[in-house]
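Next come two complexes built around subunit A: one with subunit B, the other with subunit C.
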Partner chain A sequence: MKISSILFRSYLLSAAFIAVFLGVFLHLQLVSADSSGTSVSVVNATPAVSNVVISSDPITLTENTTTTVTITATISDGNGCSDVFSSGTISAVLYRSGVAATSSCTADDSNCYRSITLVDTGGTCTGGTDTSGNASGTVPMQYFAEATDASSTFPTQWWVAFVKASDFASASSTATSTAATELNSLYALNITGSISYGSVAAGADTGASNQTATVTNTGNFKIDSEFSGTNMTDGSNTINATQQKYATSSVTYASLTFNLSTTATARDINIVKATSSSTPSTQGTFWGIAIPNGQVAGSYTGTNTFTAVYSSN
Partner chain B sequence: MGIMAIFKKPVVLLSFVSLLYFALPFSAGAFGVSPPFVTNSRLVKGSRFETVIYLVQGQPTEDLEVKAEFDLPVKIKDWLTVDKGESFIIPAGVQQFPIKVAVTVPKDTDFGSYKGFLRINTVPKRAEGQQIAISVGARIDINFTVGENVVADFNVRKINILDVHEGDDPAIEVTIENTGNVPIAPERATFDLFDKYGEIRLGFAQAEDIPEIQPFETKTFTLTFPIDIALSRGEYWGSVNLYRDGNSVKELRTIFNVLEKKKVNYTLYAELGGGVLVLLIGAIWFIRRRKGA
Partner chain C sequence: MSKKILIAGILGIAFPLTVLAWDATSTSFFVRQDVQTITGLSTSTTFQNRSGGGQSGFGISTSSAFKVFSGHLFSLLRDIKPQYTQIHFHWRNDDNVESQATSATGEIEDTTLSNLSKNIVTRLRVEITNAGGTREGFSTQQFQIEYGFLESTCAAATYTDVGIVGGDWDMGASQLTEGGDTTNIAWVSGGVTDANAQFLSPNGGQRETTSQTGALTLASDKFVELEYAVQALTAATSSGTYCFRVTNTGSATNFVYTRYPTVTLASAANATPVVSAVTVNGSAAITLTENTSTSISFAGTVTDTDGFADIAYATGTLYRSGVGAACAADQNNCYRLASSSCPLGSCVGNSCTATCSVPVQFFAEPTDAGTYAAETWQASITGVDQAGASGSATSASGVELNTLLALNVTASISYGSISPGGTTGAANQTTTVTNTGNGAIDVNLSGTDLISGSNTIAVGNQKYATSTFTYSSCTVCTALSTTPTQYILNVTKPTSVTPSTRDVFWGLSVGTNPSGNYTGTNTFTAVTH
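So, the complex of A and B:
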């Protein structure tokens, strides 16, 4: 067989293959064209909020300052978690359960913290087809936030975190924490001022020159105070603690209400808890001393103790 | 009358320096306790109850020495203890310092209600020339009852569905507080598995072998749910229920992740295997040599 004949037959065979291939290709294209006539509308999915947790539980406050409380929640969205974490918003309200049936409480550092923003923690929403992520936000709770434990004014209530997630299309859903998170009572005080009587003659007292120690309630419950003191000493010489007297108003030594004792003694000074960080709740205490006749001269020192205790009235 | 005249009389000198030094108001000390009580009405003979109390201070700028002093009826004086002892230091920088107060009821005691106090007070450092140092503190009220009623009760404080790896079974972490006076546990826990949209139920499993929690203790543990489905990587919804007396006492429905399968560290195994082989060859060589000798 001549080479030209072989080439010709190869040419024909190739042409046939190409024709078949084109036919199949065109058929597929037509089928494909038919398919491309359909369309799909992806509707917006509403975000979901779950596993809302308040940390820590119970909440323990720190006297005279704020304590950071963390709210976490799991957020999911069928359109992808980025629809909420990047294009939407996640917010929370932290409140005592008795102040509102839902989250509609009025902002108050004692019982309702609003406008808490939650964000992705640790890059848990990775974008793309990832539908969920963990959100977290913090709130500085004031030392006077209301307690809900067994000995508090609200023993049948607890603190609730309400979390709302909204996506780009403003579709939203909410959830609240399921654990009954308690906030513990805090008895605390801060003493400002000093007790320094200076020089007093034997047989004399401090008269109307009182020393002032101001007691500030730095907890979240009304308190009284116990008072006690050591005998004042200078070497082997002693002035009994009972020579010191105190009262909640500034009067002369003779009129001061209580003699100091070495045994802790509770006094009704009824310092209510603060309701604002800018207006602390305080009570002044006024102190004087009488030096017995014949007391040996010297520099006497001692320790007076103020102890925060439960106030029942 | 001049100062020298005063000194000629029997005068108690309470330092002029201190008058100047302490003329302006300053914080002599601040302190608090939370919660301020040790309360339990469910104790029985032989019970042990422990609670954590935080000693708090807003400005812990330096180490603070404190004293813990019980004020109790003689009968119960030995029943209460503080884990840190009667005197200890709260380090600078610590705003919330935990102490554990324990009540141990003897087995041979009487029924009754008991009250007392625990006072926690600071030990002030006296400044130069200071006449009266001021100690601050707070009182913890103690109130408990020893009775004979058996109380079986618990509180689920926390529950969480854990992320697991491919091939693992679903698992939860749960924290339970036994509020009664006998050991207790939930009777069972169930787990419903759903797809990533929370719509299609993929499986169900339950756990019955839940560890008991001792009276008045709080315990955190993990429960796994053997499930027929091999979980592949991705997101799933889970719904957990804890049961007591046939009723669900706690429910959680949330999303969790199945992560990439844990990779086997072949390199480590190869290194370990190689090491063992070398030791084996060495041992054989050593034994043969000794026999030959």
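So, the complex of A and C:
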């Protein structure tokens, strides 16, 4: 490019004094300069994503609450890692492999967690000529996220982390975790309410006045429950656990379905797993007791145990 | 020969007259004889032309009994004004006093003087007669001699007082006596034919210093002969013909010019023009302009003693002293100019200034240093006159033509699109360096970083060479720097308008740079090879 403005063209007068014998003459030499404008278009490099890892692996949830799962990835960009970490975005989708061929699943706490933001938490992208850095992000997985282990409904599936890195120019690339990260089955329950039979005369039972204990599925699979109980005691006096009866509907004592035992006995109560954190999956259990004749009056206490177990039907 | 007579009173009798003038107060004036012209004033109450064969009558008559008996008086008109008629002349040699000088025209009056040399005093005798009256507008006259260059006729000439110093004619010192009276000498001795009844004297008619007489009263029966000593000056036109006339101090009122004295000057020997004071570019060193021509002037004085009008044109040559004024045209060292490039101006007297202008090309050879440091640029001017004679001169001292180190870079350096971490590989960019001065040059190269916003590609990522190269494996490349660094290009001095060029090839590597358009500037400065 010929630049003819004064800024780019100058004439320089260089003077050299040449002494010749007694005379001194001024030698003027006109010198000119010219300039070429230089230009280059540095192409935008597409970011690269690698080493996508879900941790922990396998994923083990926590009943009735969320569990933090971490997704990490290595991000690189030929224009400098800052082109992504500072000027771009890194996002992830965590999903059960069966819900979508790619990351296009619909957000669902059971199987698809979207809009997970990954950042450079460790200062691994130093900027300048540094072309790569490690990105990580976390997602709170609900207790009812679908399990993929062998005993689950999706034994041939696994959980996948999909990571997308975009640079300043919106060029992007993606990668998914390569490990088949399993999410373990979680059989868990909560009991709400108490079983307080009140005052029952010896030789009498609670009749239609059932006590209610609500069982909530706090895991990620449909459950039954094992029931067992201790004898109720008051000092040295005892009321056998078998005096307690229970059912999944409220009926009179005589009609309650099951007698309690000190030995855990599974009952088919089929509490499905929750699908929303705002809508627990519950099942009520109704309890009654009969006091043998001659039972010494007193205040008897004991413990009934509910244990979540796999429900096969 | 005609004769003029005044008739007064009652008697006007037979004379062989051809011209008759009268001023009669007779109450019974008459004319008996043939006349060709009668002129006069009569208050006669019985004016008669009894036997005249007059052709015209000029005058006035109050006659109540006007008669023409046998003649042919065509008219009798009223005319009472004086009529100073320049009627005869005679060129005389200035070889004696007024009464004894000889004729310059073979003793024949009213004859053109031929082949008169300039600056030679000769004498002109002119006869003035009053062929009119004395009643209206009659006054004393100061007869002044004037000259004019012959146009189609002498009447059409523009006249100038000979007494004005300079011009083509001046009065000249002679054997006349300034202010002395002329005498009525015979025309064979250089006099003229009498054209009226009486010769006016005294008249103070001898003039050699002043061109006009004193106040003279020339009545209608009078004539006077005036003699002026005149000379053609150098400025007069050789071979030219001049006319003369007499006026009353410049006024021709009441003058009639029957004859004009004329003289033809000798054809002068042609003078050869002489050229002097040739200077080049105002004696200042010549500084050229890169890649184009620069108008350089040189000038000299052309003199021709035949007058500046004789200078036809001038030509010139501007040249490096080593090739000489007779050089063959070459835009490197010899510029030969046609007359159209050397117009004449400021012409005064015998001289004009010839100012030549020539577009000197940027590659003209310098003399301030280098091969021709011992030389200068000089000029020669040739003046040519109308006869084709010519004279020449060269500048007494030449001037230096300064070295011009200059270049043009015609191409930009556009590396195109490169991925981060990439290079231009074998795809070089080319800048063509053109020598636009008059010396062989190398270049000082420098550059700036390429910048896009706050992002920078270091200037050192650019490499250059005089041949194409692959960036990653180049062994002949030089990394560009912000510091001007001499690079041996040897772009030879052009010898014509055909450019002298060399190419410089460029490559670039891009590091971990954000995408964007990066720009910078590489600077090429001409330096002596």
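Please note the rule applied: the second predicted complex is superposed on the first by the 274 of 313 C-alpha atoms of A that agree within 3 Å, B and C clash if a C-alpha of one lies under 4 Å from a C-alpha of the other, contacts with A are read in each partner's own complex, and residues count from 1 in each chain.
Definition applied: a residue touches a chain if its C-beta (ideal position, glycine included) is under 8 Å from a C-beta of that chain, and two chains touch if they have at least 3 such contacts.
Just so you know, these numbers come straight off a predicted model, no measurement behind them.
Novice: In this superposed model, does subunit C or subunit B come into contact with more residues of subunit A?
Specialist: Subunit A has more residues touched by B than by the other partner.
Novice: Just subunit B (first), just subunit C (second), both, or neither: which does A:192 touch?
Specialist: In the superposition, A:192 touches subunit B alone.
Novice: For A:251, decide between first (touching subunit B), second (touching subunit C), both and neither.
Specialist: Neither subunit B nor subunit C is touched by A:251.
Novice: Quick one: classify A:99 as touching subunit B (first), subunit C (second), both or neither.
Specialist: Neither partner.
Novice: Would you check which partner chain A:79 touches, where first means subunit B only, second means subunit C only, and both and neither mean what they say?
Specialist: The answer is second: A:79 touches subunit C but not subunit B.
Novice: Considering only touches as defined above, state whether A:53 meets subunit B (first), subunit C (second), both or neither.
Specialist: first
Novice: If you stack the two complexes on chain A, which partner ends up touching A:168: first (subunit B), second (subunit C), both, or neither?
Specialist: Once the two structures are laid over each other on A, A:168 reaches subunit C alone.
Novice: In the superposed arrangement, which partner chain does A:131 touch: subunit B (first), subunit C (second), both, or neither?
Specialist: Touch status of A:131: both partners.
Novice: By the touch definition at the top of the document, which applies to A:43: first (subunit B), second (subunit C), both, or neither?
Specialist: second
Novice: Once the two structures are fitted together, what part of subunit A is touched by subunit B and by subunit C alike?
Specialist: 78, 130-131
Novice: Would you pull the subunit A residues touching subunit C in the complex into a rising list?
Specialist: 1-3, 8, 12, 27-45, 78-80, 82-83, 87, 128-131, 168-169
Novice: Spell out the residues on subunit C that touch subunit A in their complex, using ranges where they run on.
Specialist: Contact set of subunit C toward subunit A: 285, 287-288, 290, 368-369, 402-422, 431, 436-437, 447-448, 450, 452, 457, 462, 508, 510-528.
Novice: Provide the residue numbers of subunit A that touch subunit B in the complex, in ascending order.
Specialist: On the subunit A side, the touching residues are 48, 50-51, 53, 57-58, 60-65, 74, 76, 78, 130-132, 143, 149-151, 178-179, 184-203, 211-214, 218-219, 221, 226, 229, 232, 239, 264, 291, 294-310.
Novice: With touch defined as at the start, can you tell me which subunit B residues reach subunit A in the complex?
Specialist: It is residues 6-7, 9-16, 18-19, 21-22, 25-37, 39, 54, 56-59, 71, 95-96, 119, 121, 124, 126, 130-139, 141, 156-158, 160-161, 196-198, 235, 250-255, 257 of subunit B that touch subunit A.
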